[in-house]
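Chains here go by letter, A, B, C, D and E, matching the order in which they are written, and residues are numbered from 1 within each.
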Amino acid sequence: MSATTIIAIVLVIGAVGYLAGAARARMVVGGETAKLHSRPGYYGSFILIWATLPALLLLVAWSSFAPVLIDNQVRDTIPESVRAEQSATQQDLSINIVEAIAEGLRLLDERELQQATAGFVLLRPLLADKGVALAGNGEDWMIASAQQLNALRDTNIIWKSIAVIGLSIVGFTAGLLQIRAQLRARNRVEGVIHAGLVLASTVAILTTVGIVLSMISETGRFFSSVPPQEFFFGTVWDPRFANAEDPDAAGQFGLIPLLAGTLYIAFVAMLVAVPIGLFAAIYMAEYASSRFRSIAKPLLEVLAGIPTIVYGFFALVTVGPFLRDLSGQIAGIATGEVSSFISATSVLTAGLVMGIMLVPFVSSLSDDIISAVPRSMRDGSLGLGATRSETVKRVILPAALPGVVGALLMTASRAIGETMIVVMAAGVAARLSINPFEPMTTVTVKIVSQLTGDLEFTSPQTLVAFALGLTLFFITLALNVYALYIVRKYREQYE
Amino acid sequence: RDQVSVAGSSTVLPYATIVAENFGETFPDFPTPIVESGGSSGGLKEFCRGVGTEFIDIANASRAIRDSEVASCAEAGVTEIQEIRIGYDGIVFASDINGPDFALEPIHMYQALAAQIVVDGELVDNPNETWADVNPDFPDWEIAAYIPGEKHGTREVFEEKVLLVGCEAAGDLQARMDAGMDEDTAEENCYAVRKDGKSVDIDGDYTETLARIDANKEGMGVFGLAFYENNTDKLKVATMSGVTPTTESIAAGEYPVSRPLFFYVKKAHLGVIPGLKEYVEFFISDAMTGPDSPLAEYGLVAAPDEEREATRASFAAGETL
Amino acid sequence: MKVDTQQGFADGTATAVAGSNEFPVKMDGKNVNVFYGDKQAIFDVNLEIRERQVTALIGPSGCGKSTYLRCLNRMNDTIESCRVTGLITMDGEDIYDPSIDVVELRARVGMVFQKPNPFPKSIFENVSYGPRIHGLARSKADLEALVEQSLRGAGLWDEVKDRLQEPGTGLSGGQQQRLCIARAIAVSPEVILMDEPCSALDPIATAIVEELIDELRQNYTIAIVTHSMQQAARVSQRTAMFHLGELVEVDDTETMFTNPSEKRTQDYITGRFG
Amino acid sequence: MKVDTQQGFADGTATAVAGSNEFPVKMDGKNVNVFYGDKQAIFDVNLEIRERQVTALIGPSGCGKSTYLRCLNRMNDTIESCRVTGLITMDGEDIYDPSIDVVELRARVGMVFQKPNPFPKSIFENVSYGPRIHGLARSKADLEALVEQSLRGAGLWDEVKDRLQEPGTGLSGGQQQRLCIARAIAVSPEVILMDEPCSALDPIATAIVEELIDELRQNYTIAIVTHSMQQAARVSQRTAMFHLGELVEVDDTETMFTNPSEKRTQDYITGRFG
Amino acid sequence: MTDASLTPATTATGTRSHTRDIGLKARYAAERRFRAYGLAAVALGLFFLFLLLGSVIAQGYTAFWQTSIQLDIEFDEEVIDPDGNRDSDRMVLLTANYPLLAQRALHEKLGVDPDDRAARRDANSLLSQGVRTQLRDIVVSDPSIIGTTRTVWVLAHGDIDSAAKGQFDLTVEESRRRVNDRQLGYMQTLEEAGVMEGRFNTGLFTFGASSRPETAGMGVAIIGSFYMMAIVLVLALPIGVAASIYLEEFAPKNRLTDIIEVNINNLAAVPSIVYGLLGLAVFINFAGLPRSAAVVGGLVLTLMTLPTIIIATRAALKAVPPSIRAAALGVGASKMQMVFHHVLPLAAPGILTGTIIGLATALGETAPLLLIGMVAFVADYPATPFDPSTALPVQIYMWSGQAERAFVERTSGAIIILLLFLAVMNITAIILRRRFERRW
């Protein structure tokens, strides 16, 4: 019986339990459901939970522990002689072959099985015929181990099915016995749902913990070879070239230029996205006919769905050269000398293109939030003789502000985390500059390029990616803490 | 797991996929190997995580594995690593097809791109603005070079085989050492690339470099030979030290800028992962990596006959690092 | 139930004016029909609002009082499905004429709504909002004075003078509604439309507002929707009775309550139908 | 302004009961204090609600009537900053006891709010929602009957019977409030709390609701907040007078309106302060 | 009541009339400007959209046509199975020299002299190397075909395809071109004979990865993306909505929930590649899930999408007016019932918007997949989410780095397919949103 079958059976028991619970509840009060604490459906759900939840938890636990036990037992079947000469990792590999054989043996019929047990040399072509490819390193003892493995697996499945289905039935009965008119079934069921909700919200915390944990050890290794002050306060990013005065250092890992580039590009992007997005949202929520809105809004949302690599190419082949040539023209008109003051790859190009990508993030979220401001607010303002724009600027936007700020924060986050557009539109040169017409780069770009490069993976040059990741993580964390504080301070609740 | 799992260098990736695809077609019993991209570093890192079916079998690399990496591998139990050299990657300089011919020497690249050069005995920030400043025969283009970013292995080759050579040729290396730098520092100083925007690092792949040259017709880009050969109608290749880069001239060792490509195999996996041994053998067969093979057609510079023979022998003998 | 109309008049008549003909017509509706989508809410109503008088609109719930009132400052424009036909004039000008500016109209015809709807801003900003957008105060001091006057006018000043910077939404229901009245009178409109302005007020506040309405009548034209016939009797000089979207009768309040010419009015004010 | 309490009594006394001691206490508040954050809104109030009586809570705006009412079915729980101390019991049980199920409590103590708040669903669904979640109707026909009965009870049936499937939010203000009343009585609670239920209703609908309240009194206990002293006089048997968060006086309605023992009550009902 | 209340009215009396200056002209100008800004913003957004789409489509629409050659192929037993033991050894049919069959047929059609080696080479290179598998599949599925002659459309080589679409600059000298003059002549011959034409490129949708442009397709990527989106939808939507409900409706407002809130906002800002690191560490190295598998990709993208969904859902929940909640609680609904019966349905449009944005981002994401082995060459279809597969953006990313000219248009073609996916999602969302959207 496969796990899916077991789950299906448990679910069927649960479904029966639902009906039985509801029926039992009705019976207890002789049909007068008003006497029940909760609606019969809740009693049904109560049984459903009793019948399925413990059983499924058991199934999960069993399924994660049993293979370990089986594996240990199969390992015990490895002949002493083999065990003596093989290292633990080699044994792992042998077990892998055993498993492949075990899979293959199941495909054989009685006669072939007889043949197969004779030896690995015979088995290999036999299985190859069945489309099971075996590696060359097999040995004869593995066949016995494989049979043992199959036997263990078979018993395991039987016991697992019995235990899980048994527990399900026990739960079913236990639940049914508890049913009284006064049983607070709704509260119990809601308790379980509540627990589920709590569990769901811990995912966010677990993710954070996971992220920190997955980066911390490598970051530690990085900092053991590069002093933190050099990383955090260094103003030169040139990881492969040591400072001329200090030939021992592995390179120069100054965070400042990357950070400056990140914030600068994100700032330019927000400068593009916020006005366009906010005005678009306002137009759609306040002025546009519902028809126009229903067409324009999803169309704008398409912008958010276009993969960033497409934007990257767009920046590279269209926007960048356009800006460069444009600046050439302008310079030509102004000074008579045609020299482009905007590089094809620049903070401006990246910011502009990224801004376009971010427009729907601002507009869609803001549009929903603005539409949610109650009508009476609009009436109040319009009734005083305010124009629509005054109403929007002075009443609706302030009322929607916390939500809009939330949307903007989300957008800013995206801007800070964006990689592909920057790689293509702003380049990878880590420079410290305030000229938006020149290339700069961002932390994320460097994370990707250091991780996917050809440099030595044990060197600080690669490890720095983890330090960068963790640093970025904590910087955005600080920003978000601050943002939360701001939103809290200015939050005004309507209605 | 029943298919071979490969990860690593994006330079080797196209070759590895051609082999994998042909392998799948030639050996219908084995599933087509999975070839991941992710850089030599990422590939070797995965490779060195450990031995077992949950770990990859082969790491592609556009450089040789480093000692520290071998050590790190060994720590995780990956002790027996077989190194396989598949051929060479030529690195060429090319500009727009409609531009003039360039007859480059390393010294030109050095003088155009180094952060600092020696002028009148003084080490100064590179003053050259146009190619004509470097060599009056060159067009009066503003210098704009698209070179591989520091993450690329190609960059290292470019530095060592072009910039450093140019530096020496110009006598600048000596001048630096005379000025009191020790040799290592002087060398590093030679191939430090200017950061005033005249030289642009490309962290993406060659299509990006091509797009940049499309956008700036006066740009000069660094490409792999294979990529150039697929785009001969758009690019004009420059000669280096008077040699035009071709598979022949590189194989013959005439063209100076090239590098070997590798992959590394876990010996412990050879008998365990179905098809792994066959894949490696197929890869190093003449049918795949010989002079008339699909890889060569794609742009890989095949290793000389005796080198290929040696590789095969070494693999068959199970030699490890 | 018996509604005592006499009692209301004790106050109402004190300020009522004998003949109503001496008051010129301020706003005039001719054959007004209003539709919400396909549904007609107002049927052929002809109703004039006289200058410097209080006109009360009464009638059972859902009869279209609010709808008619909202036509007078074109607040109905903001409801997409709403369509108005007929002619409504103010000082003889068609207010639905394309040349008429709806913002100016609304600045001249102020409105107080049924549900209190303070802005989610401070009390001060709520009141100063109108004067500010219309540029009615020359200086900050001016504005502050104007806010104080308006809040006093709405009988709210003493309760909120110490917390002008607190949000208007934090007030109790009655306080909120008085804030809205203060907000409306702060822009000194010519006509003030009030949609059950007192329905959320307690009697004391109601009395204050009623007194205020009576005083405002010196300078303003007022139309008020109310459910309370006592209130109509107390504050208004003319009363219009609506039923099922029709105007049943309109007359001097005194006549209306003592001697209605329509049976339906009679029945309604004596509480006999609904 | 003079408020005519006599008139109100014409109706009120008709249904009032002589001695109030014969009615057992349904809900009882002892030393109730309510805080919104640091701000205290209710000070040490002791007020009992008697079974099968209508208790009216009166007082000027912002005095804490709504706040006290909301304590009785723990709606205040939903306001984060709100804190209640003291003891409130229902049938002798502490309703703030942890063992008390607040949902059950609210099913037993229904509520009608100041601002109409229909669900954005159909009229039918609005009314049937409560019975549905409490399982009060066995069949669809049952449910329909219950909905009709409740809508009739709220005096809304005739107006909406043809459009039960239309959204409740499309009704006029008064209709919406009556819908909310229908929704509350549909679950037949033991106690019904009404926060100015008639402030958005016209006199006819008000009369219907008042009549209804009077009928409901046969089976239910009712607490009603009102601004209209006439209404308090008409529908209630006991009246509690609040001022600035304190309970000034509570007594039989008749006594209260004819012979109040507190000066403040006297002043308030004669309209002398606020 | 003081008489101060009357002053505003009296002071205004003199000037009060419609001559009162309320700055209408300027305000209307401002109003028009404001409205124009709004319209301009929408127009600008749409302009960029169409510019982008236009350039993608202009570059990519040709990818949906693939040059093919019609050949009368004789399935010669001499070539396929010279020893006649195909019944005993199944490898015979699998390893036969199929390209030869096609080459012979082509030579015949072009009248190539069999002794002219150069001409033969040029002619052979008109054909895709994919003919091997194409013909093999035909024979293996029906061995009885051996010995007969069939008309088969075979794929032309990628360079020929590009040449046929005019993507090579034919003015450059012959030696610099991927296609020489003789091959151009052959192409013309075939075209004139009506046996070479652009046919709809179904392979683009069905083939797996390939190093040859003409046999490269999005099949594996489509399946992979589909698996991943299904996983993201199935996990992220319920978890995200559940978490939002807890945080917005149930959680006490304390330090802990503040931390969670900040956390979630922060997770939305974490660059996507960091999620790749997380996925590698947690799902592959710790939980032992297979590399390159859609299930890992789906889980990583789920974690990445969650914050977006949670933030949007919370905003949507917040926007539901408190009076609705009070109404529900007032009739004795439990908090849970209040949420599920009233608040959630009202918040549905907002939740949908957030989910779609989140899914769209996930659908287009490459960087995190790099670290979990999904940026890979995968030729075989994944049978389950646990098998190796790639994703649409990965395929785009990989093709964009390929040297062959034919991959340039295919990259754009792949983008078009990705956008189609996106469009389907968006349209679904619009339909759902229409059903849920109510204004109150």
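Miscellaneous remarks
One rule holds in what follows: a contact is a pair of C-beta atoms (placed from the backbone, for glycine too) under 8 Å apart; a residue touches a chain by one contact, two chains touch by 3 or more.
Going by UniProt, the chains are A = Phosphate transport system permease protein; C, D = Phosphate ABC transporter ATP-binding protein; E = Phosphate transport system permease protein PstA.
Here the structure is a predicted model, which means the values were calculated and not measured.
Contact with both subunit B and subunit C is made by A, E. Under the touch definition stated at the top, subunit A and subunit C share these contacting partners: D, E. Ranking every chain by how far its Cα centroid lies from the centroid of subunit D, the top place goes to B.
Farthest from subunit A, judged by the mean position of CA atoms in each chain, is C. Here the chain at the heart of the structure, going by C-alpha means, is A. We define each chain's centre as the mean of its Cα atoms; on that basis subunit B and subunit D are separated by 83 Å.
One finds 58 Å separating the Cα centroids of subunit D and subunit E. Separating the CA-averaged centres of subunit B and subunit E is a span of 31 Å. Once the centre of each chain is set as its mean CA position, subunit A and subunit D turn out to be 50 Å apart. Multi-chain contact residues of subunit D (touching two or more other chains): 103-104, 115, 133-134. Touching of two or more other chains is recorded for residues 22, 27-28, 321, 323, 334, 370-371, 400 of subunit E. Counting partner chains per residue, subunit A has residues 186-187, 313, 374, 385, 387, 390, 448, 451-452, 495 touching two or more of them.
Across the assembly, chains come into contact as A-B, A-C, A-D, A-E, B-E, C-D, C-E, D-E. The residues of subunit A lying in touch with subunit B in their complex are 87, 89-90, 92-93, 96-97, 100, 128, 131, 133-138, 238-242, 244, 247, 313, 316-317, 320-321, 324, 343-345, 423-424, 427-429, 431, 438-439, 445, 448-459, 462. Partner subunit E is touched in their complex by these residues of subunit A: 186-187, 190, 193-194, 196-201, 203-205, 207-208, 210-211, 213-215, 275-280, 282-284, 286-288, 294, 296, 298-311, 313-314, 318, 356, 359-361, 363-365, 368-369, 371-372, 374-375, 385, 387-390, 392-393, 403, 406-407, 409-410, 412-414, 416-420, 443-444, 447-448, 451-452, 466, 469, 472-473, 476-477, 479-481, 483-484, 495.
Note for the complex: subunit C touches subunit A at residues 73, 75, 78, 80, 103-108, 110-113, 115, 117-121, 129-130, 133-134, 167, 169, 180, 183-184, 187, 189. Within the complex formed with subunit A, the subunit D residues making contact are 101, 103-104, 133-136, 138. Residues of subunit E touching subunit C in their complex: 1-2, 4-13, 16-18, 20-24, 27-28.
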